[in-house]
């Protein structure tokens, strides 16, 4: 009895943890699954198999679309919400490569840069190029570059690959700095865009930008989720978990890895384009430096490797923490009578990030997402412990 | 009561030799496997049994010799090609995909047969979608295997959380999902208790006569081997020292020497 | 001709420093299977410590002897690096035994961030000087051999010499001392090493301390050249391709790799750079490595990787 | 209710062809059979059976778990006027021998290889048994036995026949009359051969309808069928009432997934014998043991609240707003989630019957808001005799007589019943029939009991078991073993109890500890033990049991009629009483006689006043091997209490 009890409702494997998260639900014991039986495979395999989860996520979306624009102020949009959305997207992309396919990349920033600059070039060189098209084309270029730098992964494993991806980072940084064609020969080396509009709607206001990013993020999140729960996703995870066994069941490492690189860098590229166009407006290569790459890696480690939802958690965490520290630390210092310089804050930030990375890798390698899904499991079994 | 008819040779290994650096893992081994039979490879630890399987399904590439499968000969192939030809295998020390559920592990055995492209999968949806349909079709096949292996209660459990014995079943399930004509089992009963061993041998035999799958099996437990296999090859230090029916092998002095000599 | 030689020598000298840092990577990787991304951070940390101690100690003890000050500062910094090594072993590595290499790599990223932050909180984040009396003025060699001879920075030459000396002594140390043997035993097979009574944690503390020592020296040299500042921690990024090129586990690999990259960088910068708009030494090492890896996935001197099933 | 099973099916197929009739979890999802599909299946099977030569009034054995196809097979047999005879699927082959020969069975329809093997094993001892059909092909591919084929094949041949003979099936069904025999159930009599209880379409369907009316059942009910079809309880609930109400019957995936399936389906109408609820509760308690202190605290607290308020609410009494609030809170935090994890969130009506249920057990389920009720009936009465109306539920009664039931208590204190649901008689056993059916249509239930003031029936014991004490302190006092045994069994630590005392001077008893419960208790006492026998022999356990016994004695002392039945001495048995050893019936009723003979030495030891006794007993193991266990068992004394009023004068 106990055995069946414990075996029954565990839905998500630890890596894929929390992808069917019950938003908010888990803090009440609102799970009532009796009668939610599945009479077809597609209903059994849907992303949010539990009715309460479907409602939860629906509410969240409604709030994000209707509630947030009413509540948030300009600062919220510029400093938190928009960066959060775009970095979530980038983290999502990176998570597919690292979390799902197990190929570590330290060159994410480069692929973002490619996305941004490519989109920029399409915009300025082709008249009447629609913004959306430019962004997607940007992503496409990132895909090409991504696959190019992914090719070594077919022969190189683990650490060697990680370092090889740095090649992408440095090369691309250099290219956009030194090859003026990419920057449309702008003298300052920085490029800028303005007057953005999508399907006739101008996206100048923070609200518009926010909604635009939100829309793109939601769409990509759905597509990504679909991929990771389909057989391509299983191939990625198989390669990640046990590549020899994967080969024996007929999975082609070449195909699996390159598709992972392609999909990943496409999403990252799009995120890059958004970062440049929507968030920054005008930027230079430094915006996509190696620090960005690390930042994104940290997001998925803290958020949860191999979890779509984890990407969001991680992004939220890393976007909000510095802002929080900037507010909190000086205040705290004030309390104990030391005044804390901004440099000090910056250093503490570094330390806290570093500490958290170590902490998570030691204590909960699957990050916040795992904690979330564990909480959810508890609620589904409540009041039983297992 | 099972009346299986043994067919002709389906898999033949000729004069295989395999070396790692200086070490000879296998020296000039030849053996044949007949359709529908249960063929056992036994021998003391380090006799090269696993290396043999690894050569057959393309994980290792032997320096000499050739392998003939369903009439096609090849000196070496990559795992993918072997899989496509209908050879599946299980692993000695579990090689399951740790991060995935039982269901996904077994589903991964279907990847060769899943045809929808990455875009169809990305735009998968419950209403109109080839990917969704395909997923469903293969899910059904996989469910039949789950049913066959009697692990319905664990379908959505992450394999990591299962007890060892059940993980072995999932490993078998993943191989079965490939609907192989030849199934290589690398110590399917290693580290199991008596009861689990009984179950596993039952499954192996059922596979053999339900689906007529040819089975090549490495096993330490002589009792089990003698029970379930039709013919047995004995390896020792990478050399073949015996080949024949259980009775013949049991009688073979060289085998007795090697076995009783080395194993407890 | 002279110009070519100049660049060559310059490259070799830079390369020597790369080798030095690369050595830090290799030692740690051999002993604990950790690809220590924090090496750069350790360089910065050590350099900062050195720089500040060499100010503070004389002030505190109230004497004004440059050499003594530097010596004491060096000793203090070294001590600090040992403590850091111990802490890392005790609170991080020990908890991550038998984890995948990738996890360990990411952990060292965390450590790197922490050290960067911690170091600057402790020692401040301005630009500090280290003056260990390296001669600044350049010198000319082989004027007899060809006109104009060739210009060589004395500073670099000394630096290279120190680095070389260190590299050699370290290789000797690990070749011939008992600790060295123990280390190599561990590198070959953890279990076996433990079973013959070698304490893993002790070895780890040692190698991390040695790495700290190397970092300190590198930091000192670079620091005295460019001044101690955050950018020092990026120096390590230059050494990465060296390690990979040499093959993670090979000491000679690290040395030769360092020289190759050092030279390659300089030459490419001088001869190819202009065609591409310059600054290519940022990526030259990496791209070079990329191509090498495609041919030899385990690097020039690395051991071949075999999958066991 | 002038209709037949097949006609009801056809009605549903006509009125709501697309509605779900059956659902079975196969290959991971709940595969649905609509009424139309069912009708077709039945039609084909019927045709196949007819071709195979099945005659009207002939018996067909059906053995297996709840599988839609077996349901269809029963309907098919009934459509041809034949009589399905469901047998317990977990019985040993030899137990089938009598029924099959007794009912001259030629055809058997079974689930899988396991059952097929049993049938084949029986062949030479059951010469008539000529055809065997199986539902699941697995493992049977290479069987080559005369007359052994799959239901698929049968369906196929039936299809072909139907395609040439349109309307044949309807005409067959039309021939069937309500007063024809519809099914036969073999009661595993506590002694001797089982008896075939013969029921007509009318008797079964009339009761089914009565039950439907009583609880206002609709076509929207969901039922999970996982108990043996051979048990009339399951049969009525998932077959007769299924066809009467037209609700959906769900079949679980397999034994090991029942709890999961229960949770997924969340039945609205549920029926199970007490032991199922008992096991469930034990499991709940064990799982809660592992919970954190906070959870355990919450659980304890709110269960107390529930115990106090829950029953009142269900009985429709008025409850103070504060209690209401506390209960609400408890429902949010504990009861609701608990019902959900158990699979009872949607239960509207749940019944238990077949055995007396412990008051604590009973109130537990009621207090967490599950409308659990008791009913009274037996195979011979097609189950429904007395049911507890909502809001009138008590642990110690079994409800009021429902539509069509006449009930009286004979002078000997035995309950007599007359209702349309009574059996036609025992098959080929007029004597036995005569024993239970009077000329004027009254049925001897064999139970001793009485209607209390509020018109609710209270059962004391099996009439024949009710004995008298001879000699001793309370000479001539009434001895109701079952009553005593039940009282003992209501303790979680006691799995089974067997009381002796008829024609003796005092009452003594055998006790079987509940391995799981006592085992857990022992762990909490950190008392180590090597297995059942060892645990049972622990003196700590002995005193644990003694406390239970003495509590029972205390209760009994308050009941003048039964005060004499207090347990003076008892033995904790060294092995679990087991159906395989013939000590229990398949429905887990103790065979007092059998046990008495088997353990004669122990019984004597108790009455001879010995303090320990050596015994060796033969046992059958899971895998069919048999061996023996031996032990020296202590005989324990229990304190008894002076009766409130002795019966001496009365007698």
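Letters are used for the chains, namely A, B, C and D, taken in the order the chains are written, and counting of residues starts over at 1 for each.
We take it that contacts are C-beta pairs under 8 Å (C-beta built on N, C-alpha and C of every residue); 3 or more make two chains touch, one makes a residue touch a chain.
Predicted, not measured: the structure shown is a model, and the values here were computed from it.
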If I average the CA coordinates per chain, which chain comes out farthest from subunit A?
D
A student comparing A-D to B-D should find more C-beta pairs in contact for A-D
What is the distance in Å between the mean C-alpha positions of subunit B and subunit C?
49
I'd like to verify one number: the distance from the centre of subunit A to the centre of subunit D, where each centre is the average of its C-alpha atoms, in whole angstrom.
56
Report, in whole Å, the distance between the mean C-alpha point of subunit C and the mean C-alpha point of subunit D.
79
Expressed in whole Å, how far the mean CA point of subunit B lies from that of subunit D is 46
Among subunit D residues, those touching two or more other chains are 28-29, 256-257, 260
Going by residue number, subunit C touches two or more other chains at 307, 309
Can you list the residues of subunit A that touch 2 or more other chains?
3-4, 7-9, 40-41, 244-245
What part of subunit A is in contact with subunit C in the complex they form?
102, 104, 151-152, 155-160, 162-164, 166-167, 170-171, 173-174, 177-180, 243-245, 290, 294, 297-298, 301, 343-344, 346-358, 361-362, 365
Per the touch rule above, subunit A residues touching subunit D in the complex are 1-5, 7-9, 28-29, 31-41, 44, 381-386
Residue ranges of subunit B touching subunit A (in the complex, touch as defined)
57-59, 78-80, 82-84, 88-89, 91, 95-101, 104, 107-112, 114, 116, 118, 121-126, 131-132, 135-136, 138-140, 153-154, 156-161, 174-175, 178
Okay, in this complex, where on subunit D does subunit A touch?
23, 25, 28-32, 222, 250, 256-260, 263-266, 279-280, 283-284, 286-288, 290-292, 295, 298-299, 332-334, 336-341, 343-346
What part of subunit B is in contact with subunit D in the complex they form?
1-4, 139-140, 143-144, 146-148, 150, 152-153, 155, 206, 209-210
